[in-house]
């Protein structure tokens, strides 16, 4: 499954640079467009199926958020590109789900790519490609499919809670990115629980290759998360430090806070990474401990009974003249000897702390 | 338990940025406010339960230290924010125990976050979130709960010992941060003792999975300490290098010294980190050595008695014609042979240094 | 085979610097020259065997691409060097297949070296040395042998699709480099499949040294790929940042995009590198798990039957007076005892989770 | 023992910054002061017990070296501090043996901390805290106890050999630091010998936990040495690069040379570090090899004699009708068969290269 | 042997800085001086035994190369130092074989130290100390002993091939350094072959401690090579970037090329380093695989014959009443049962893929 490999697999080589091709695996979804048009005093919310209808909103004064779900509909992306005169490479990056997080500054607009991460119902990591175009009075967001982490922001626009209604499009971009990053915290928490489960499994279950496989899967997942999150540090840092006219001073404080959060997520990821790498070592010692225990049982039983069996063998021989066999109490004396040997060896193993 | 995971778990995503929400696990504590108001010649000490009463002190000329215990009382934080016109993101960070150490410079005040570390009575690592606001003639400190490492500073203010009474609020901030960092040395020492105990356990006890688990716990703890301490280096470095008007030249010397101490703690942490990582390897060799010993005992006993038992088996056979059985001294000759084999093998194992 | 070592083996030491010597292993190929001469409105395509014939095209106004296959024909390289007045060290680097990716800026022209990577039919990694000279209205490419990744570009020139015909020689250089980098994605994908195959082998097959060998080979391959790809980051970054008059502003956007792609490939390579390193650990635990299983079987069977055999040995002894032997049901009682021991031990091993 | 931990253990937290407290473990020594007062033409040498007597020398024109042994006598340090108007934090650092190597530049003087390393008679690493104050015409050195590496310099001052008598106090500081660093080379050499001994032990002795312990000790020692030496690189680099008026151009050449030496020591330390880390792996393979050998002996003996014993058991059965038992040469035929099996198995193990 | 340790062992501590002491192990060689005096049109070659005779050549206009073999003759070095007014620290570094590669710029001359590496006849790594002084019209090279990698350059001077005769002394320095670096490629190739041999040994031979030892030796060698080569990167980079009047623009192109070669060698060294570190892991899995095989043989044979021997033991018992013994075909029925068990177990092990 394309989603499971770490390689940017679906990239079609040989294409003209700037060609808009969807490279993800959610190509069956419908196109679905949301528009929020608001200022301090009023707001309007619309759901559209045709991209052209959105343009009229965005061209008016108040801040407009156009949320495009379904980047597999590349023709819609191209129409937006025509209308807003976006660079062809941006259009390519909107549709190219393999594109890593980045920020591109152009005259008149900013382009930001990032990744929305969540575990799906099967507990598998899903990486959704999401990109933003920030213009003077609009933000256009592009998502692979329906369903996102922006409900809280929608409510804030509707109810006028918080600062979003009173500030410009740059604050909206910040708010959307903040929502994506906030969601990383949930992911990181889920990750932590998975690792703790694995640790518990190591000690409880009997050793089997599945755990090795699980650990390796965790490694791969954390590496993929890392790749999705780490470039974001530079992205946000560059937006904050940027002197692009679209980014106002007031928003820069918030971006610095966002940057802080990403650093925090990054640190947690690296700690979990170290923990997972440590799991393999833990597992090795656990296996070795179990092996040790197995070997001790064998050694104790064999070391006790092999010599005793030898003794029994001696007196099972058929030599014509074996004096001990004639003694009346020979059999009982031998039993006594064997019991002494038995407890002597038990004591020896006890002292060696094998028991 | 929230305290045991490395993830910033309690962060409620979806909140308006700047919302003041306490995210720690000490939410039952009472609000408790201390005020120290002093200059070179006099000092006053008060304990309050209402934050409003503190403002009158801080607004007068002498240096005032307002120590707020109980950041779960978010309404008090908001009142302070209103009174001193602090940025809403600062208020959020005061209450957000997941916030990493940082320094934010604003016009008119400085905001510093750090972590107080200690082992609680159960020997578990506790990380307490602590933040400072430095103003022209005041320092406000925010703690999660009662109990801290500032008693020595309280005494110095009361008795006028040292420089604290003769210098400004920036020196007080330095003194408070220095107390926190000084306490790291105690933590590091306790850490070192734990590691030495673990090393001793490795050699003395019989291998068991608990040690593996303990080592993994130590790894996690040191990673958490590292995350709490390392960002501090940049924090202090930035305060020292800062040309913020609140930081005087005289205090900069002290901050450089503080920076030195943090570097020292950081180096110790990294050395312990390497030691702990090494423990797992040590443990593996210890297990292998023990396995080796077990296998040698088995091999020596089995290698000696299995051939002897075979010989006894030979003369236990019921063939009609086995000439040796008829020899008068056959039995004794065989014993002799067996004893020769026995000592021959013993000598062989001795020479191989298995005994 | 020279191709299999990571060392720059074929370098003849002691040569005058600037001597043009082919150091690869494809020295039997013929010289084969392609020329594309195009502008917005027209294009001409020629195949030549003599390098001199190409010069007339490149000296005219429209953009010319001279593609030289067979850098083992060093005399042709020298003729080009004479005609375009290239620095002798450049000629050396064109023929020296050991040269790492680099960019050299000269007055009037740019020189770029990179590596074309593919798996040949035997599944082995092939590294082909490829270099470009960018002049005011021409690009000369030098390849080791026939066969490359430029067919898409040839078609775009022929059909006029995309931007290539409307832009200058710097865009052509970009397009050629982009084609090489695009092909890395295919390589990376193939790499990913190999690693997944190896992971599956680890669990399915019985342990053997071949897997160890395969893992080590993969390590070497990824290290070689890394070495071919990583210097490219700086190369493209330097072209983009360069203010060389041959690089136009328009092309710089595309170069930034190319840079992004190389970063993406680099990250994938590093992830695969970590995965491969992890494989060895996985393999070790797999072996240990198998060993554990083997030992358990031995321990269970030996621990059950060695004591029983001892009991049988007891009653095989020939003492004159062994009372049990006389009991009528002695034999059956013993069988009963043995069955109890048998199931008792089975239950013991079951409880230890060894069964 | 305080000396054995890597933590800066003895730091008393809660003290007023700038308090002079000795934190080492050589607090019983007497105070002992040496004074060298010299210029190109003359020199004077004195041994004093009271620090006040030294001041008169240092205040005169010629260069004076005051060597203070016994920094446990904190009152003497304070007197020096008063006389030369040193910053209180410097006095604290002179007595605080936990202070890492550093350079502090003040107006009118320089303060340098470094570590003298040697193995004591018990072969344990000793770290002695040593600090220098460089003034316009004096150098004051502070040592924990009597005994140092400066005898060569003393002789050079007495005999006028070398440049020391003809140059200023900055050269004297260089010469003293050079002597400390020169001594690191001896330490490094001793370290190398210890590691080679350990390597030899690995192969010769029978595996035991002591070696594991020794390796871990070596790790700790090298980490401690590293911590003492590595900060010195920046210290010397900063002195060399400094434009402090006390450092003359002529001395800067020598400081660059000193820097070179420290880099050399640092590289050796890192090589040894890698070697020691490798030792644990070596040891693991050595143990495993030994285990392998043990298991082979067991397997060969058991695999040969267990089947033979089975055969003997067969003909020890008491069935009424076992035809082979009646054959006249049955016994000898069986022996023949057993010998064939014996050599057959031997040949099998030989071919497997187990013998 | 001094040559085998990584420590800078022979450094005599306590010497006056600038003292010229030979610290290598080739102190028995004779002093031998070569002089090449050339310009575009003529050249002269001389072999001398006294250093004074060389000065007349170097003081004339044409470029002069004075090659001094035998730096154990420290008095000759001192004479050169007097004649050319070299800094005493340079003279110390010429003779000090422990000095790491470096570049020192002085007014009027440049001083360069590097290392000539080769495997001697015993296959051991030899590191020869070599240093250059570049003056306005001369280069003086200092070698430990006769025999070097400069024959190609001698021939180029004699025959006038290449650029050496037409360019200045800075190109000669470049040419000499290039010859040293070119030779690293041979070394690296030899290293690669050694590693491949080791890999083959791992799979073919039976495990023994020698391989562990060989791997550790390789580690040490590569670390020593690394230390000799890596500082060279900065050395050449600094010469190239330097604006010292002795380095002409024309030569800078060549130095950039040299820098490229050193990077290439460095990369190869690091790849081999990773390969060697991987070898230890490979070896561990190989040993474990072999152990696995040994254990399987033991387990299979023991698991089959121990139960069968038990059965035989049962019917070797001497109970008066064992009904089976009386059955006519009892013996054959038992054989049948045993054969069934035998094949049953074989089939079981087959299914477990142990056979």
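Which chain is which? They are A, B, C, D and E, in the order written, and residues in each are numbered from 1.
Operating definition for what follows: contacts are C-beta pairs under 8 Å (C-beta built on N, C-alpha and C of every residue); 3 or more make two chains touch, one makes a residue touch a chain.
Every value quoted in this text rests on a predicted model; they were computed, and no experiment measured them.
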item	value
Partner chains shared by subunit B and subunit D (touch criterion as defined above)	none
Number of steps on the shortest touching-chain route linking subunit C and subunit D	2
Centre-to-centre distance between subunit E and subunit D (centres being mean Cα positions), rounded to whole Å	26
Distance from subunit C to subunit B - Cα centre to Cα centre, in angstrom	42
Subunit C residues counted as touching two or more neighbouring chains	284, 288, 291, 295, 298, 302, 306, 309, 313, 316-318, 322
Complete ring sequence of chains beginning with subunit A, oriented so that subunit C follows	A, C, E, D, B
Touching residues on subunit E, where the partner in the complex is subunit D	5-9, 11, 13-18, 87, 89, 92-93, 98-100, 102, 104, 206-209, 212-213, 215-216, 219-220, 223-224, 227, 280, 283-284, 287-288, 290-291, 294-295, 297-298, 301-302, 305-306, 308-309, 312-313, 315-318, 322, 324-326, 328-331, 334
Residues of subunit D touching subunit E in the complex	149, 151-152, 156, 161-163, 175, 178-179, 182-183, 185-186, 188-189, 191-192, 196, 199, 202-203, 253-254, 256-257, 260, 263-265, 267-268, 271-272, 274-275, 278, 281-282, 284-286, 288-289, 291-292, 295-296, 298-299, 302-303, 306-307, 309-310, 313-314, 316-322, 353-354
